[in-house]
Amino acid sequence: MTPDDLQTIVEEITAEMAQEHRRGKVADYIPTLASVSPTQFGMTIIDHEGKCYTAGDADTPFSIQSITKVFTLTMALGAVGDTLWSRVGREPSGSPFNSIVQLESEQGIPRNPFINSGAIIVADVLLANYEPREALGEFIRFMQMVTGDESIMIDEKVAKCEHDTGFRNLALGNYMRAFENIHNPVEETLGTYFHFCALSMSCRQLAMAGRYLMCGGRRHPNTTDTIISRQRTRRILALMMMCGHYDGSGEFAYRVGLPGKSGVGGGILAVAPGIASIAVWSPGLNDQGNSQLGMNALERLVQRTGWSVFRVDR
Amino acid sequence: MTPDDLQTIVEEITAEMAQEHRRGKVADYIPTLASVSPTQFGMTIIDHEGKCYTAGDADTPFSIQSITKVFTLTMALGAVGDTLWSRVGREPSGSPFNSIVQLESEQGIPRNPFINSGAIIVADVLLANYEPREALGEFIRFMQMVTGDESIMIDEKVAKCEHDTGFRNLALGNYMRAFENIHNPVEETLGTYFHFCALSMSCRQLAMAGRYLMCGGRRHPNTTDTIISRQRTRRILALMMMCGHYDGSGEFAYRVGLPGKSGVGGGILAVAPGIASIAVWSPGLNDQGNSQLGMNALERLVQRTGWSVFRVDR
Amino acid sequence: MTPDDLQTIVEEITAEMAQEHRRGKVADYIPTLASVSPTQFGMTIIDHEGKCYTAGDADTPFSIQSITKVFTLTMALGAVGDTLWSRVGREPSGSPFNSIVQLESEQGIPRNPFINSGAIIVADVLLANYEPREALGEFIRFMQMVTGDESIMIDEKVAKCEHDTGFRNLALGNYMRAFENIHNPVEETLGTYFHFCALSMSCRQLAMAGRYLMCGGRRHPNTTDTIISRQRTRRILALMMMCGHYDGSGEFAYRVGLPGKSGVGGGILAVAPGIASIAVWSPGLNDQGNSQLGMNALERLVQRTGWSVFRVDR
Amino acid sequence: MTPDDLQTIVEEITAEMAQEHRRGKVADYIPTLASVSPTQFGMTIIDHEGKCYTAGDADTPFSIQSITKVFTLTMALGAVGDTLWSRVGREPSGSPFNSIVQLESEQGIPRNPFINSGAIIVADVLLANYEPREALGEFIRFMQMVTGDESIMIDEKVAKCEHDTGFRNLALGNYMRAFENIHNPVEETLGTYFHFCALSMSCRQLAMAGRYLMCGGRRHPNTTDTIISRQRTRRILALMMMCGHYDGSGEFAYRVGLPGKSGVGGGILAVAPGIASIAVWSPGLNDQGNSQLGMNALERLVQRTGWSVFRVDR
């Protein structure tokens, strides 16, 4: 596939998405998300040489929400290594992203780091050696480093909104605290978690951030600097494949066949290992809380490029 | 990696497995399985050129049990195509292989075709146009074709045992019948399902059977005959990745990173798309019902070969 | 309250029920039940002297269905005493009558003998020393004795229908068999259970059958013959209060305040200990599967008579 | 039964309890409760004439904990009447007292007012027209009125402890807030709830407080003042019978047969309508969180007095 081909594909898909009528439903649980226009669609691909292909609203910043869980997991594994897994599991939950049911029978241990309860644990881990303000500073520096873009910012208005309406997350936090699986004051852990989720990025920036996952842990294709080891990269990709789309993870694997992570802001980061880092964004969500057009766009991309990890050139 | 390297790796792993003390627990729910010696271990790899690497008890036949679900799914998709998905889902269940809980709230639709309830639906689909005896004939012919081995047989003694002790499966069948998601007499569907599970194969035969999944749907590396399309092959592999090891699927993806399917007989079929079809067998099971040594062996294989689908040569 | 008062009350309530518009929904899970006209209503009270007050369709036979669980429990306690409680619990389930969910985490032990799973265990207990045909004979003789009416019969057509459509019950039976909490062939236990449920009685007969529960275990008010001890009578009444209306038991206790047992045929047997045995019948059911008009009628009865077990004459 | 008889029974039971070896386990979830000695046992009965029978540690104050739920329910029904039932159900939960599972599928509506989640709703209702401090004042005045004892006090040390360790309750509160079934700030509602639970009373005081439930709503046997109506009294007693002992309610009804309410401080209030108000206390709890000796003592009391609501003098 030539660079020209890829740019054409990105533009075609973007044009096709503009014609779609079933665009899903914009998340309404916090006002700042609810006011985003569902007509938007953006897509960026960065290939294994670092070349960038982009179309649509690829430079419009949106709230990455749960996609942030990939990056905080990377940081937490860097901080505490595999001891993390004593506090959070590695299995698909089979339940919605904000479910509290399994925590009761499973003693406050979330199923995986990509559902809300699990990501709250990850935030708690990142507070072990830092005050909340410092932890946020570390996080922003990490995101600036992996994107190579110093303009990446947390949207304080979104963070505040999350905090004001985040009762289910407060319930999750307090519930896990009752099992002593939260080590910091619940309000601090939740406050930190809400700020992580409130990061604003464009498709272009998000695809940049995903380069280290495409490159086996190197920061980008044209460097020998590493963010994490090759083995850890593979494992994070495995977790994204298994748990990245909540109770729609099976559907994503079936239709797209790439490790990915979605957020209720309508973004999806997908990775074709060794080949591409891909970001799509469209605010309308399907019933599982994943971007409706985002999934459609990625499905078409894989059909045209064959980038599924399950692909065979026979 | 040269053929010599691969043969060496297979032999080394087999030798290492002989030293393992934690060998899991042999399935005891049917007498014919309970009597199998836990000291056995076998491993076979068939590469993309069709070359075969083997060690240990790779020619000892064992009961493939749930691994059969991959093959019956292949047949059912061939028979009814995507209409299958109105009767069974494509999501990880997050529950044990024989759980009945989700069926109540989800109206008799199993989460995926690789848990017992889902595979019973698949068996029911295969009975749509056939009497049980004919359906079993079709199944055996399919297995003989994909292995290229006419000696493949159902172990009637195991089938009978399953039938005599299969009360949970009978419960699943009747429960789904109550929701009208079983269309044939429950006894017939279950009888057929039990026979499917009772197929006897060696590691060598099982690795041969997995070739079409390695080859994008072609029967084997040295033919242009196809069993299924490339897209369908990718999708079956995706399902194996997401759901192939019950509530240990996340763990398998994390440690091994290959699509695979386990059976309580102690076998695992794993596929490195385009690269290898791999069968391991050791009867002792871990807590999730997956072969303890089988998983260990595959983890070591991937560490030495880098065959994870999430791999990047950076 | 004089006998004249009581006859007046029964007639008034019957007249009021004829005016009710919200009459519930007739059970449709077996054809023989579905064809019953929802316009019918009957009511019988037998007081502590044995006097009988009756109105409406009180002599029309209907399928008593789950009300039979009171009588088979009485027989099983007579047969095996408190050892019964190792196989079935005594707690409200908080779940629908045919739920299978709790059986999974509670190892095949049903919550109480008045949900389907529990009553299937009771049927299994009654088969310990009898062939199915003999057990049914014992049951019919028991029912004829407590009613003093030799015409009581099982409706074979209903029994057959139950059998033909009883897949959820078959699932429950096989599921408990898997936990070795069913000791006879599942088909035999279920067949016996279906026949128990298929007993036909009129309100008058049912109120007669309930006399021993009103009389502290004596067969009827004018005899010293006892069916069961006073303590056991109290305990059966306690179970009826706690579990007699499935997940509508709390509602029944709140509105009526008497021990009672409902059936999907639309009947309810209620007992005012020492005061009255009461049977009502109307085929339309509410959302919890209890007779809509039956509950309304009993609520009015208690309002006018003050027969709640929680009553105080202050 | 003469007064002499009753005093003898109370003393005998108290003596028997002193000999019991299986005394349960003192609640340890808050330090102030954990330090209470399990050797204590007290019992008070107040009969329908207002006479008081007492033995053991009947004048030692203890933390009434969940028994307070009976009194706050009485107040809430007085304040908002049956509109309360739009926010909390009337069914046994079949789950532990602090379970959060059902709230997820039942949209934040607790099963009944006697489990923690339900009593938190009741506290929230009592805050509708009052500041927390005022609501506590109202509560204490109510308790002083029903006991006729101005010394009744909240133990602030216990209230503070509850607050410091009440993470599961905070989870419940926030979770219900997410469904908009908590109308005040969660911290205020919880703080109020914790104070309600921290009321200190002796058996004598508790039995005094229960007189209005014995007397059909009159404040005590020798007055015509009413606290609540007869119908409401019956209904509260029905709720106590159905839900007063969490997932041990069926067991309590079976063995004791009286409406009652337990607290993790080891107290139980039981009511024989029209006959007696009974308080027992012993700190050791059984597996369901109900006083082990308290239940034993009440079972013996009912055996000797026949006070079960299901009793028949045949």
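Per-chain numbering from 1; labels A, B, C and D assigned in written order.
Everything below uses one rule, namely that a residue touches a chain if its C-beta (ideal position, glycine included) is under 8 Å from a C-beta of that chain, and two chains touch if they have at least 3 such contacts.
Quantities reported herein were computed from a predicted structural model and do not represent experimental measurements.
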Legend entry - Touching both subunit B and subunit C (chains): none
Inset, instruction - Spell out the chains that contact subunit A while also contacting subunit D. - result: none
Legend entry - Residue-number overlap at the subunit A/subunit B interface, same or different (half cut): same
Inset, instruction - Could you please state the distance in Å, as a whole number, between where the Cα atoms of subunit A are centred and where those of subunit C are centred? - result: 55
Inset, instruction - Between subunit C and subunit D, tell me the centre distance in angstrom, where each centre is the average of that chain's C-alpha atoms. - result: 32
Legend entry - Interchain pairs in contact, sorted by label: A-B, A-D, B-C, C-D
Legend entry - List of subunit B residues in touch with subunit A within their complex: 89-95, 102, 111-112, 214-218, 230, 233-235, 237-239, 241-243, 247-251, 253-254, 257, 259, 273-274, 308-314
Inset, instruction - Report the residues of subunit B in contact with subunit C in the complex, numbered from low to high. - result: 99-101, 103-104, 167-168, 170-175, 177-178, 186
